[in-house]
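Chain IDs A, B, C, D, E and F follow the sequence of writing; residue 1 opens each chain.
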Amino acid sequence: MPELGKYAIEVLSAYAASLGLLGVLIGITLRRGRAAQATLKAAEMEAKKNG
Amino acid sequence: MIALLIRDLRLAFRAGGGFGLGLAFFLIVTVLVPFSVGPQADLLSSIAPGVLWLGALLACLLSLDRLLALDYEDGTLDLLVTAPLPLEAALSIKALAHWLTTGLPLVIAAPVLGVLLNLPANGFGWVVVSLALGTPALSVIGTFGAALTVGIKRGGLLMSLLVLPLYVPTLIFGAEAARRGAAGLDGTTPLLMLAGITFGTIALMPFASAAVLRMGLR
Amino acid sequence: MTLRIDNLTLARGGIPVLTGLSFDLGRGAALILRGPNGAGKTTLLRTLAGLQPALSGHITGGEDQIAFAGHADGLKAMLSVTENLNFWASVFGRDSIDAALEAYDLHALADRLAGTLSAGQKRRLGLARLLVTGRPIWVLDEPTVSLDTAAVQMFADAVHAHLGQGGSALIATHIDLGLQADVLDITPYRATATTRAGASDEAFL
Amino acid sequence: MSIWQYANPVKFLALSSRVQPYLWAAAVICVTTGLLWGFFGTPDDARQGSTVKIIYLHVPAALMAINAWFMMLIASLIWLVRRHHVSALAAKAAAPVGIVMTLIALVTGAIWGQPMWGTWWAWDPRLTSFLILFLFYLGYIALWEAIEDPDTAADLTSVLCLVGSVFAILSRYAVQFWNQGLHQGTSVPVATGGRTVADVFFYPLLVSMVGFGLLFLALVIYRTGTEIRLRRAAAMRARTGRGA
Amino acid sequence: MTLRIDNLTLARGGIPVLTGLSFDLGRGAALILRGPNGAGKTTLLRTLAGLQPALSGHITGGEDQIAFAGHADGLKAMLSVTENLNFWASVFGRDSIDAALEAYDLHALADRLAGTLSAGQKRRLGLARLLVTGRPIWVLDEPTVSLDTAAVQMFADAVHAHLGQGGSALIATHIDLGLQADVLDITPYRATATTRAGASDEAFL
Amino acid sequence: MIALLIRDLRLAFRAGGGFGLGLAFFLIVTVLVPFSVGPQADLLSSIAPGVLWLGALLACLLSLDRLLALDYEDGTLDLLVTAPLPLEAALSIKALAHWLTTGLPLVIAAPVLGVLLNLPANGFGWVVVSLALGTPALSVIGTFGAALTVGIKRGGLLMSLLVLPLYVPTLIFGAEAARRGAAGLDGTTPLLMLAGITFGTIALMPFASAAVLRMGLR
């Protein structure tokens, strides 16, 4: 851990906030992506079944 | 009862349903203020509590017109009035749904917007508390206004006109509490008044709204 | 429950429209309302549903018994067919919507948003709503507008079944529904220029 | 063989699933090295103390926030002119990424402003135009959400993006006219090549900037794939599920 | 002016609804469109009126010749009957509305605000609007909804007169209008699950 | 063309038509400002030009949702699109009608409300001129927003969200001119910019609006 001096709170919170925001974005993206893949698979099965 | 609440919330979250739009409007009003009055930090910080209250009030006001008008247009209101549900309860539920989708997000967003307006540090708590106490009154009074103008095509602006004077006491006490807090003074008295208004309106307004709605549908 | 209308006078826009109207609607009976455009059918039905007051006369037996369906269907464009029906079912304290979906052949459309239905499909959904109210007296204003012949038949069957369970129906229409029912022509009851009977501007005459 | 062939959604899915692993790997590597290097491997600035470390988040995010809008503008134009679905969906997919980048730039800037300028926020032209950019993103996303028919939504949002860009530039000048700012000017001018940042800070910053760019690309491609899958599923459902 | 429809494919909500539809509508001819609910009649009429594009196929002879009347009447509740008609007359460069008032017996209602008319009276006013457009091709979506028999007769007469002057009419309806006209049932042209033909989601299949 | 203008004006003057409501909203916002920021005269007079501009902008914005939505709902818009009238022209006319019934009354009322806010004496002329120059742009840009959201049920609030950022340049130059004027400085430069924006939007926006409307009606 580098010595951050009197600005430790600022620097750390900037990193935490940014990484948090990125994490939320990536999380939502992946979750929606998985859901879409599942939906599509279901739809494709259905289409195959119905000819 | 719960079905109505769930439906209203669900509609609000659907596309075009308006959740978050009140919030967006609040954000935009606060952003426009510096453009209009100028960017000086001390000027902004002295008007910040007032601007936040005014912005929240306008955001509430503007989202009122979807409270009943949509249900009126597609005939839902006619059917609700004839349904086995006391109209007073139905309107209270609708006001609650309105507060959950509009007032509550405003309360949560207010501190962030306070930063934009250089709100003094000790003002944050007061602004949040006064908004949390005051916005339910805005929703309940607004329901009355919406019921009053329900039969009128695009009554939106007329409704604003009718509701705004009713909002004045809430605004005065709310903004006063926030201003005193921001200035480092004690805002308890206006806050108590505000609480009185909120509980009073929650208890009584639904009856007025239901009466007015029954007349308007005739 | 018999719905009893006794010497009713109705107004619209403050002007008397119908006067001296009396009839009974018993269990298991249907009554078709007829009359030219502007005769006052809509006004009558809205009054019975409790949406506007009568100028004079009495209505008994209607309290909390009536399911009304007017020109507008009370559907939310952004809710699906099932969500719309479920909402009304729970407002009226019911829990199953299957019978309603079945009666109007809505299963295929069940997951579609109501806003994407065609005019006739919307109407079918609007009529299906009646089945989830569980109310005995149906008061319907031109229910078959936009319906094709197959759907009109579904409607006729639904009304038959409803009457068979002891319900009753009052239906305003201009076309033939293929229902066995009495017909009431309201033309003779139209208010003339001299009718006053408590109109809201009577005091000024 | 033209590039437009990848405008076919299904082809796009196939291709993107092949490049994605590399892209993600590169993005993660660059972002982590850039940030770790910046955080652990650089000295404090004489004047700003340890707060310089914020630059490795702030500048790349600010850069990508603008670039994302620019990309949306181009994608919108392609949609309006050539009506390739992938470009419309890519614009849709980019907007939330852009708004998050804008938010990161705003938040890190605000946190940085507190020690440097003694205030979280000032109505400096640069900051202000970022706030306006944030509003444009918000409106753009809300419009996509509000329209059911996907093609109509693509059309309308594209025009909004075009008109919005013109007004964004106008606002930029208006804001500059309105208030002279605190924020420092561009110190990595791409055009001239000269720069004012010392090398110790510059190299990790560069890596981080590349990383954010790659991350943006990876996210947009992945999200575009998601949108395509959803459209495809809806299309198949619509065909099999239709009846009276 | 003959309206010529050639191998048309139409979509609603991005999904093909009708496909391979061709017909001609010559001067003086009327054509009744039939088909079950959801067949695509409204979609077809809106496309002909130029309100939405076709997926493929050609429409010729319709440009600036068509007067459209859909489910909504385009009336302003706060304008009177004459004001409403006068507005549309001047938009279409006409100046007399007497013939229109005459044809639908609206003289008695001329000074009433459109918002206070009954459902059938409103519809009469909506149909009267067609007479002030002066356009030769009428494209009508369920025009007789809410009309009583007398008003349906007025409509039939108006259509006859219009055809007699060399106009033509394309009318979607579920009920019998008492008109002498060819009938086109669009059921055979309904799109099947495999139809693509440039649907907006075709690229995704 | 003229028929359309006359009809829109006539509708505005009828009951529920909305004439005067924009004005009333303007009045109420200005009246609420002292309640929310407090009654100190010097504070008020320093924010007065900005508040007048912000109030005018919000009043314009709120009356936008009757610009096209009513015509959409009752089917008039479908018929207008198929009528022998270029849609661009029709939309320009509608924007003009909107300005005549909303913007113009605001310009006229602004000096009166300026008195309520202790607007400095030399500010009156500048406020009026800047509003007169700027409000047409607000109407034209607003027409674009209304066309963009026409198919969306109660798009009102969404429209505000879309339109407000587009209003920013107009607001900045307008308020800046008024502020400089009120402070006794020369506001010619921002006024010229404002004029540029107004004429530019009047010339170009109708095309964008018509394009967007055609897409939305599909």
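The definition used in the following text is that a residue touches a chain if its C-beta (ideal position, glycine included) is under 8 Å from a C-beta of that chain, and two chains touch if they have at least 3 such contacts.
The structure displayed is predicted, hence computed values, not measured ones.
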Shared chain contacts [chain A and chain E, defined touch]: D
Farthest chain relative to chain F (centres taken as mean CA coordinates): C
Same-residue or different-residue interface between chain C and chain E, half as cut-off: same
Cα-centroid distance, chain B relative to chain C, in whole angstrom: 37
Centre distance in Å when chain B and chain F are each reduced to the mean of their C-alpha atoms: 24
Inter-centroid spacing, chain E versus chain C (mean Cα positions, whole Å): 28
CA centroid of chain B to CA centroid of chain E, Å: 45
Junction residues of chain A - those touching two or more other chains: 50
Residue list for chain B, restricted to those that touch at least two other chains: 15-16, 21, 24, 28, 35, 73, 153
Residues of chain C whose C-beta touches two or more other chains: 71, 77-78, 116
Complex contacts: residues of chain F adjacent to chain B: 16, 18, 21-22, 24-25, 28-29, 32-33, 35-38, 43, 46-47, 49-51, 53-54, 57-58, 62-63, 65-66, 69-70, 73, 152-158, 160-161, 164-165, 167-168, 171-172, 175, 179
Touching residues on chain D, where the partner in the complex is chain F: 132, 135-136, 138-139, 142-143, 146-147, 149, 152, 155-156, 159-160, 162-164, 167-168, 170-171, 173-175, 177-178
Chain B to chain D touching residues, read off their complex: 15-16, 20-21, 24, 27-28, 31, 34-35, 39, 41, 44, 115-116, 118
Contact set on chain E toward chain C in their complex: 13, 35-38, 42, 71, 116-121, 124, 142, 145-151, 174-175
Chain D-touching residues of chain E, taken from the complex the two chains share: 13-15, 36-38, 193-194, 200-205
